[in-house]
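Structures for review follow.
Presented sequentially are two complexes of chain A, the first with chain B as partner and the second with chain C.
Presenting the complex of A and B:
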């Protein structure tokens, strides 16, 4: 697994979580955000939760992604508000620039 | 779930049956968050024991932190919503120890 994104890249979180444990909360599913920080490779918690060891489970790049409040909470959001989450590479897809 | 390099301890069927009751961030209807003044770390002695037990079992490698989190999340919805924070911890620890054959 490579580091697909750089700081400043626009990303979209996956629309639906798989079964099992994951670190992407439902309220951040299918949301557009910006990569703010790259932390390096970390063990994927989804695999670890099923008993994978640090060497047998997947390792993926971990990013801090920032979302605007309006993007997360829609019209119920306070302004200004930003939500940051540390998310693994497979939770994200590239978002076309607009 | 393809190309796994290890054998998951839990079957896929067991995960498919898993509720997502825990994933309530942003949901309304739970009432206001009550903030306790000078809240102690534990409200009962058994809570401190469960905390210590879990930390020690993690440290000794009986299970990892994400297995523990998943064990909490695998609780049936009714029990999840009716249990306090450390009750959830206790139920998860007991379940993991049974599944791993440490407890009979």
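Presenting the complex of A and C:
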């Protein structure tokens, strides 16, 4: 798995809810954010939860992705707010810049 | 109506913690029965864990950053290297990557783990119960100003709130702003001003009001 994104890239979190474990919080599903920091390879928890060891499970690049409150909560959030989460590469898709 | 909702919520949490306690008890009994773990080993592990948290290094880290600008820069760039400089060990079960995030006059940072209760125990000490509560975890990412106000922290509207959700093997610590009236204070006295809540971002550092 390569490092598909660079700092400053616009990304969209994946929309589907997987059958197994994920560390993509539901409130951040299908939301547009910006890659802020790249942390290198980390074991993918989705595989680890199925019993994969650190060597047999997938390793993916981990990013800090920052989201604007209005993007996350739509009209339910009035206050200016930024929320970030640390997300694995396969949780993200490229998003055309606006 | 909202009172009724709160009642339901409380019952749910109690049920969850009771069931967790019985599951932990069952797991320990199985581990002992199979000879994988003895009660003495378990006690020793818990004691080592708690001893580590009694020497929480967070306040010392912040005080050094307040008085030593090059150290502050190193802390923000590579927090684990800064910990090594002070001889603070934050690994417990495994090596953990730390990131320090700095409060400024423009940005106030708050830490949460919405998925469970991830928390840099060896830097901050044992986590408070509210940090693990569904109320804190679900509300602070949505209405942080209201949550902070309930902690007694009124933020100026010109300050942006940035919430860090600890969803991976990274831990966060807030580098609070140094109180204005602390020029010339000793490092150990400065460290005493650094509260747990300031390191989570639900508080700020202030000198003790006298008189």
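The definition used in the following text is that the second predicted complex is superposed on the first by the 97 of 98 C-alpha atoms of A that agree within 3 Å, B and C clash if a C-alpha of one lies under 4 Å from a C-alpha of the other, contacts with A are read in each partner's own complex, and residues count from 1 in each chain.
FYI, a residue touches a chain if its C-beta (ideal position, glycine included) is under 8 Å from a C-beta of that chain, and two chains touch if they have at least 3 such contacts.
These figures come from a predicted structure and were not determined experimentally.
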- [ ] Go through the superposed model and pick first if A:73 touches only chain B, second if only chain C, both, or neither.
- [x] both
- [ ] Kindly classify A:51 by the partners it touches after superposition: chain B alone (first), chain C alone (second), both, or neither?
- [x] first
- [ ] Look at A:20 in the shared chain and tell me whether it touches chain B only, chain C only, both, or neither; answer first, second, both or neither.
- [x] first
TODO: Identify the partner contact of A:62: answer first if only chain B is touched, second if only chain C is, both if each is, neither if none is.
DONE: second
TODO: Considering only touches as defined above, state whether A:39 meets chain B (first), chain C (second), both or neither.
DONE: second
Open item on the list: Quick one: is A:7 in contact with chain B, with chain C, with both, or with neither? Answer first, second, both or neither.
Closed with: neither
Task: Touching both chain B and chain C, residues of chain A - done: 25, 27, 45, 72-73
Task: Interfacial residue positions of chain A with respect to chain B in the complex - done: 17-21, 25-27, 45-53, 56-57, 72-73
Task: Residues of chain B that touch chain A when the two form their complex - done: 1, 5-10, 12, 15-16, 18, 20, 23, 25-26, 63-67, 69-70, 73
Task: Touching residues on chain A, where the partner in the complex is chain C - done: 23-25, 27-28, 39, 42, 45, 62, 64, 66, 69, 72-73, 76-77, 79-88
Task: Touching residues (chain side chain C, partner chain A) in the complex - done: 97, 114-115, 141-145, 160-170
